[in-house]
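Have a look at these structures, which come just after this line.
Two complexes follow with subunit A in common, the first pairing it with subunit B and the second with subunit C.
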Partner chain A sequence: MNPLKTAGHPTQRIDALKRVTGTATYTSDKHFPGMLYARVLRSPHPHARVKSVDVSKAQAMPGVKAIITRDNCDVVWSSGDTRNKRYLFNNPVRYAGDAVACVAAIDRHTAEEATRLIAVEYETLPFVLDAEEALKPEAPEIQPGGNLSADDKGKREAEVYKRGSLDRGFAEADIVLEDRFQSAHHNNAQLEPRVSIALWEGDKLTVHAATQGIANCRTDIARDLKMPVENVRVVCEYMGGGFGNKNQCQDSDLMAAVLAKKTGTPVKVEFSRKEDFISVHGRWPVTQYYKVGAKKDGTLTALQVRGYSGMGPYRKGRGDQGGPEVYQCANVEQSVTTVYTNMAVSANYRAPAYPHSVFGLESVMDDIATRLKMDPLEFRLKNMTRKYRDSVEYSSIGLEQCLREGAAKFEWKKRWHEPGLDTGNIRRGAGMGMGGFGSSVGKSEAILKVDSKGQYHLYVGVTDVGTAAKTTMGLIAAEELAVPLEKVTVHWGDTADCPYSVGESGGRTTSFTGVSVVEAAKQLKKQIAEKGMPKGSDMLTASVVTDPDTKGLARYSFLADFCELEVDMSTGHIKILKFLAVHDSGRVINPLTAQSQVQGGVIQGLSMALHEELLYDKRRGIPINAGYYGARIMTHLDVPLVETMFIETDDPFGPFGAKTLGEPPIVGVVAAVANAFFNATGRRIKSLPFSRDKVLDALGKKEVLA
Partner chain B sequence: MGKISRRRFVEGTGAGVIAVTAVPLEAQQKKSAATASGAASASAAPRTKIAVTINGSKHSVEVEDRWTLNELLREHLELTGTKLGCDRSECGACTVLIDGKAMYSCTQLAVWMDGRSVQTVEGLAKNGKLDPLQQAFIEHDAPQCGYCTSGQLMSAKALLNRNPRPTRDEVQHAMAGNICRCSNYNHYVEAVIAASDTPSAKGGKA
Partner chain C sequence: MRAFANATPKNLTDAVEQVKQAKQGQKSVAIAGGGSDLLGMVKDHLVSPDVIVHLAAIKGNDTVTELAGVVKIGGNITLDALSRHPLIREKYTALADAAGVVGTPQIRNAGTLAGNVCQRPWCWYFRNGFPCFKAGGNQCFSAAGENQLHAIFGGGPSFIVHPSDTAPALVALDAKFHITGPAGERTVAAADFFTLPKVNAAKENSLAEGEILAWVEIPTAKPGTRSMYHKELDREAWTHAIVSTAVVLELDGATCRSARIVMGGVAPIPWRVPEAEKLLVGQRVTPELAVKIGETALIGATPLAKNRYKVPLAKEIVRRTVAAVAAKA
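Take a look at the complex of A and B:
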C-alpha cells in the first residue's frame, strides 16, 4: 500500500483535551432553565395484564407536573420492535421491567417518590424465559400470533440458508460430530446511563439524546410522534458508550418529548443503572445444535447448525447467528429461529450475531481437529473461506495472513499442545478462534467548506461513541486535501448543521461517511482550482452524497484471536496469560485509536466468556443480578495486556483502503478462550459464561461446590 | 425566595436558598438562568449548612440532607466533569478526592462534606497547565467514550500522590474500582505509568 501523509499514523483524538478535563458535555451534563426530571415506573412481573393504573396520589404530590401512562399516551416506539406494535407503555406488560408510567417533577427525588405512589393493579399471566420452551404448544402466548417471531418477509418460520446437500456431505464424511452450545443474555453496560432531554419551541422539537446516530434518531422520533422530520432536531456531542444499545431513538427520547409538550417545559428523562440493565437490552442468548462432517484429511464435508435466539418479548434485534461463512464447505445448512420470551429484551451488542455463535462453531471445529489429530491452526488454514459462501469473491481478504502471521507472533507451535496433556493443579493451554464481519458500504453525506484564511470546516453527522469517529473523519479529509489535521475543523453531533450519516453501528462510519468525506474533499479541491481560494467572508462549499456499491463483491473484515490461559483445577479459576488479536480491517486510518478499539473489544469478549450473565429467578421470572457487580464486568484487576496486530489489506471500496474495525474485535474472543480451556484441561464447556460452577462441573469436581 | 448570583455562590459567600437555583451549563443559557425560578423550590426536605473546600476554594452552602456529593457537584455547583454511572458504588465514574482519598461521590452525602476538602477533575489542571496524568491520558489514548475518564484520573491521582513510582500491578489495584466498559484498561494503565516517576514506562510493560 502506498504510504499516506496524515492518515495512517498514530494521532491523538481531536477532542482528547475535553475528555481529560471534564469539559466534554454529555447529555446528562446539560441543564436548561425550568427543566423537569422524569422517572419511570416499571412492571415487577414478567407477564401481566394491567387492569388499572391509579395516578391520583402521585398527581397530588407537590412538585409533580405530569404523568404519562397507557391511559393518556399511546405513542408507538417503532424502533423498539420491528414486527409488533410496541407502545411506550404496553398492556400486557411482557417482561419484568416493562414501562408502566413516567413521572415528571421538579426534581428527581420528587419524581422518584411519585412513582412509588402510583397504584397499579396487575393480573399476572404465565410466563416463559427459555426460547425452546417458548415454542412448545403449552407455552403462554407473548405476542399475538405466537412466540415464533416472523422473518423479514413476515413469515413465521426460521431463517434458513442452504448450499449443496447435507445428505451428500455427511455421506462423504469420515467423522461426524454433533453438539449443543448455549449462551447467556448479557448487557452492553456502557458507562453512561440512558438520558434524554426534550425541549419544544412551538411545533419544533429539540432532543438532546445519548444516541449512536443523530440522523436515524431524528427520523425515528419524527415518525413516532407523527411530525415532519424538519421540525425535529437531535443533538449529541459527547456520548458515553452504547455498543449497540443507543442505536435509533430510545423510548426515553419519546417520553421526554411527550412530557415536555404536556408541561411546556424542558424535561430530562433518566434511567437508573438497574433500569439500564433490565429495561434496555442485552445480547440475545442463543442455543445452537451443530452437526459437522469431515474427511480424514481434515476437509469439511458438511456443516449443519440449527439455532434459536431468545429475543425477549419484543423484536428489537435481528437475532441472527453468524460465523459459518468463514468456513469453506460444499454442503451447509443453517437455520435460525427467533423466539419471543419474557426475559429482558435482546438486541444489538457489539458484533451482535457473532461472539456467542462463533463460540459454538469454533468449539466444534476444534473438536473435529482434535478427533483427526490435526493442529487446529492447520485445520483452519485448510478450511478457511476463500470466497464468500464459496461463490462470491471478496473485495480483499487477509484471513490467511491473520492466521499465519498471528500464529508466528503468538508462538502457536510452542504454546499449543495436545489437548489435556498438561498435568498438575495449574494447567496451561492455548486456543484460537477465527472470524469475519461484514463490512458494508452505503449511503452517506458530508459537507466541506473552506474559508478565506485557508481553514477547512467539515460537517459530518457522527456523534463519536468512543471510536474516535470525528478524528477519523478529520484525518480522511486532511489526507485528501493534503493539509495538516489542524487545518480541518470537524463539526459533528447536531442535525441542525450536520448532514446524514448512517449512525455508529455495524462498523459502518469509516466506510460510509469516510467515502463521502473523500469525495467532498475532491470536489472542493476542484472548486479551488477553478475559482481560487475564497476572499473576505466568502466560503467555498462542497456538499456530497455518496452511495457506492461493491460491484458484486463480498466485503468483509477478518480476524484471528489467540489465547493462552491457566486453569486452577481445584478452584476452577481461569487466568488469561496472553492474548493476541490479529485483524484485517483494511488500511488503518488511526493506529492509536484502532489499538484502543481492539484491546477494548477483546476485553469485553473476555468478560463475556468468563463472567457475564443476567441471572433470573426462574420461579418468578425476575432478573436478580442487574448491575455491574452482579454482571461481574471486568475491571482493571482482571485484564491481561492485549497484544494487537493489523494485517493491512488495501480494500478498493473504503477510504484509502479502510474496512470495518469497531465491531470485529469481540468476534473470536470467546471461542479462543473456550479452545484454550479445552487445550489446558481436555474438557469442554458448552455454555456461557464460564462461571466457576460450570468450570468445576466440566472438570468433574462438582463436589467442591457442595 | 431569595436569589443569589452564581458568582457569589462559587465564591462561597452565598448561603441558604442558593442551593436550589438551577444553573445551566452553556454560556448563552446563563442569561436566562438569572431569571429561572429555583427548580427545587417546592421541596420541604431538611437542609443543613455546610462549609466545604472544593478545588481549593471555600464554599458555604445549604444542602438538602438527601443530596449526595455527586448531586451537589453536578446539579448545584456546575461541576459536571464528575460523572454518574451507577449511583450505587459499582462503577467509579463519580470518583473524586475527599481529603486526598479517592472516593465515590455517589454514595457520600453532601452534608458529610462539612469541613472537608474535595478535589474534582476540574481541579487537576493548574494555571492552565494540564496535570501530567491528563497529558499522558491524551498521549496514550486512554479515554474512548470518556465517560469513566474523570474517575480514572482521580483514582490515579490519589495513587500517585501516595506512591509516585507504582508498578503496573499497583496501578491495577489502585484503579480496580473504576470500570471502563470500552475496556481501554491497557491504555489507562500505560498512561498512569507514563505520568509517574516509574522508570521505563514506554509500552506499558512496567
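Take a look at the complex of A and C:
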C-alpha cells in the first residue's frame, strides 16, 4: 500500500476540545424562546386493549398546553415497523412501555406530573415473552396474522439459506455435535437518551434530533407527516451515541412535530433513562439450535443452525443471525425465524446479527475442536472462509493474518491449554472467536468548496455518532487535496446545507461518503488546475454523487478476538486478564480513533457477556431492571486494558482502501469470553449473560469435557 | 418530578420539630441524610414528600469522638470521611471497609452513615413501582418471581435483603444507635434496631414516625480485636452486595476469645450467626475451622428458586473473611 500523508496517522478529533470542555451543543442543551417540554405516558401492561383515555384532569392542570393520544393523533411511525402499521400511539398496546399519550407543558415537571393525571382504562390481554412460546398455537396473537413475522417479501416463514446437502455432510462426519444457545435482550445503553425538538415556521418544519443520520431522518419525517421533503430540515450538530438505536426518524421526532404544530410553539420531547431502556429498542434475543459435523482431521462437513429471534411486538429490526459465513463448509443450512413477542422492541444494536449468534457458533466450534483434540486456533485456520459462501471471491481478506498474527501477539500457544486442565481455586484460560462483517459500498454525496484564501469547505451529511466521522471525512479530503487537515473546514449535521449521506449505521460512512469526498476532491483539483484559485468572494465548488459497486466481489471486514481470564472457582467471580482484538478493516484512516472504536466495541461485548440483560418479571411481562444500575452495565473498574491490532489489507474499494470498522469490534467478543471460560473451567455456559447464579451453577456441576 | 419544599434544621431538636410541624400541617415528610438515594426515589415516584428535612444542614454531627469506653460517630458523617478516618480504619476496620465500598465515590461523598443504615431496599420490584409490601401493598413479587438477589434467611412475607453495607459492620461491632424523636431520645442496640418483615413487612427498622437516627456509638475495641468487611459484587462498583460479611475477632495471640460474624445481602436484616461465632471461642483459627465456620453460618438457609447459589457463595465469603481476619493478627 502507498503510504499516506495526512490520513493514516493518529489524529485528534476536530471537535475533541469542544466535547471535553462542555461547549459542544447537544440536542438536549438547546433551548428556543417559548419552548414547551413534553413527556410520554406509557402502558404498564405487556398487552392490553385501551378502552378509553381520559385526559380531562391532565388538560386542566395549570401549565399543560397540549396532549396527544390515539384519539386525536393517528400518525404512523413507519420506520418503527417495516411490516405492520405502527402508530405513535397503538391500540392494543403490545409491550410494557408502549406509548399511550404525550403531554406538552411549560416545564418538564409539569408535563410529567400531568401524564400521571391521565386516566386510562385497559382491558388486559394474555401476553408472551419468549419467541418459541409465541409460535405455539395457544399463544396470544400480537399482530394480525400471527406471531411469525413475515420476511421482506411478505411470506410468513423462516428465512432459509442452503448450500450443498446436510444429509451428505452428516454422513461424511466422524463426529456430530448438537447444542442450544440463548441470549438476552441487551440495551444499546448509549449515554444520550432520546430527545427531539420541533419548530414550525409556516409549513416548514425544523427538527433538532439526536440522530445517526440526518438525511434518512428527514425523509422519514416527511413521509410520516405527509409533507414535501423540501419542507423538512433536520439538525444534529453533536450527538451522544446510538449504537444503532437512532437510525431513521424516531417516534419522539414525530411527537414533537405534532405537538409543536398543535401549540404553535417549539416543543422538546425527552425520554428518561429508564424509558431509553424500555421504550426504544435493544438487541434481539436469540435462541439457536446447532448441529455440526466434522471429520477426524477437523474438516467441517455440515453446519446446521435453526434460530429464533424475538423482535418484540413490532418489526423494527431485521432479526437475522450471522456468523456461519466465516466458515468454509460444503453443506450448510441456516434458518432464522423472526417472531413477535410482548417484550421490548428489538432492532439494531452494533453488528445487530452478530455477537450473540457468534457466541453460539464459536462455542460449538470450540467444542468440536476439543472433541477432536485440536487447538481451536488450528481448527479455525483449517476451516476459515476463503471465499464468501465458498463461491464468491472477497475484494480483500486478512482473516488468516488476523488469526496468525493475533495469536502470535497474544501468545496463544502459551496461554491456551487443554480445557479444564488448570487446577486450584483460581483457574486461568484463554479463548478466541473470529468473525466477519459485510462492508458494503453505495450511494453517497459530498460538496467541496475552496475560497480565495485557500481554505477548503467540505459539506457532508454525517452527524458523528462517536466514530469521529467528521474528522475521518476531513482527513480523507485533506489527503486527496494534499493539504494539512487544518485547511479543511468540515460542515456537518444540517440538512439545510449538507448533502445526502447514508447515515452512520452498518459501518457505512467511511466506505460510502468517503468515496464521495475523494471524488469531490479530485474534481475540485481539476477545476483549480483549469481555472486557477478563486479570487475575492468567489468559490470553486465540486458537488458529487457517487454510487460504486464491488464488481461481483464480496466485501468484508474480518476480525479475531483473543481473551484470557481467570475464574474463582468457589465464588464464581470472573476477571478478564487480557484482551486482544485484531481487525482487518482495510486501510486505517485514523489509527487513534480506530483504536477507540475497537476498545469501545470490546467493552460493550464484555459487558454483554458478563453482566447485561433487560430482566423481566415473567408472570407480569414487565421489565424490572432498566437503567445503568439495574442492567449492570460495566463500570470503569470492570474494564480491562483492551489491546488492538490492525491488519491493513489493500482493498480496491472504499477511500484509500478503507473498509468497515464501526460495527465489527463487538462481533467476536462474547464468543472469546465464553471460550476462555470453558478453557479455564471445563464448563460451558450456554445462555447470556454469565451472571453469578449461572456461573456458580455451572461450576457446581461436573465437568462437561467431551 | 413532583415539587417539594426543603427544610434546613439548625440542630437535631430542630429537625424533629420541623418534621412534627410539617406533619401537623398535613404534609408528608421525608428525612434526608445525603439525599442521593431519596432524590432518585422522588424522581421515580416511589415517595412524594411535600417537605424534605435535610439533616446535612445540621453542623457538627459528622465527627468521630473517642470517649471513655466508647467511640461516638455522628450520623451525618459522610461515608467517604468515615472510610478514611484513621481511628476507624485502625480499630474498627470493618466499618471503614464497609463505608468505603458503598456505591460510587460520588455517592460516598454525599451519602451519610445514618442515611446508609436507614436506606430503603433495592429490590427491583420495589424500585420499579410494584405495589409490594415495601410500597404499602400486600404482597412480595419476588417470592415467586425474579429472586436471584433476594433473601435466603429471615424472609417472609417480604424477601428483600437489607441494602446497607455499614449495617452488618455496626452490628458486628456491637454498636448502639441513639435515636431522637417527638417522644424524646432512646438508645437501641444495633442488632435490635433492624426488624424482620414478619414483624412489619413495610419497614426495615424500628424507627417510629418522626424519629431520626442521630448518632452511633461503638464500644472501645478490646486489645487484640481485628475486623474486616468483605462485599461480593456482581460488578466492581455501584451495586449492592450479592453477599457480604463483617467479621470481628478478639484474639489473644492465635486464640480467639470472642467473635461476631454478621452477613449482609442474605436477609432482610443484617444476619448474625451466633452458632458459628461460638465455634471460634477459645479456638485457634485453622483453615479447617474456617471451613466449618462457613458451613455453620449457612445452616438453616432457605433459598428461593433462583438464589440457591448464594448458599455456597456465602459459605466461602465467611470462610475467607474469618481466615483473613485471623491472619491479620
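Keep this in mind: the second predicted complex is superposed on the first by the 700 of 706 C-alpha atoms of A that agree within 3 Å, B and C clash if a C-alpha of one lies under 4 Å from a C-alpha of the other, contacts with A are read in each partner's own complex, and residues count from 1 in each chain.
Basically, a residue touches a chain if its C-beta (ideal position, glycine included) is under 8 Å from a C-beta of that chain, and two chains touch if they have at least 3 such contacts.
Not measured: the values here are computed from a predicted model.
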Which of subunit B and subunit C A:600 touches, first, second, both or neither: first
Touching partner for A:692 - first (subunit B), second (subunit C), both, neither: second
Contacts of A:622 with subunit B and subunit C, given as first, second, both or neither: second
Touching partner for A:8 - first (subunit B), second (subunit C), both, neither: neither
Which of subunit B and subunit C A:285 touches, first, second, both or neither: neither
Which of subunit B and subunit C A:238 touches, first, second, both or neither: first
Subunit B versus subunit C as contact partner of A:637, first or second or both or neither: both
Which superposed partner A:700 touches (first subunit B, second subunit C, both, neither): second
First (subunit B), second (subunit C), both or neither touched by A:213: neither
Contact breadth on subunit A, by residue count: subunit C or subunit B: B
Subunit B and subunit C footprints on subunit A, overlapping residues: 109, 629, 634-637
Interface residues, subunit A side, partner subunit C - complex: 109, 112-113, 116, 570-573, 611, 615-620, 622-626, 629-630, 632, 634-638, 691-693, 696-697, 700
Partner subunit A, residues of subunit C touching it in the complex: 1-3, 45, 104, 124-125, 127-128, 130, 141, 144-146, 148, 232, 234-239, 242, 306-309, 312-313, 316-317
Subunit B residues touching subunit A - in the complex, by the definition given at the top: 22-26, 29, 32-33, 35-37, 39-45, 64, 66, 74-75, 79-88, 90-91, 93, 120-122, 124-125, 130, 134, 137-139, 141-150, 153, 171-173, 175-189, 204-205
Parts of subunit A lying in touch with subunit B, wherever the complex brings them together: 12-13, 16-17, 19-26, 28-36, 62-63, 106-107, 109-110, 188-193, 238-241, 243, 272-273, 465-468, 592-593, 595-597, 599-604, 607, 627-629, 633-637, 639, 641-642
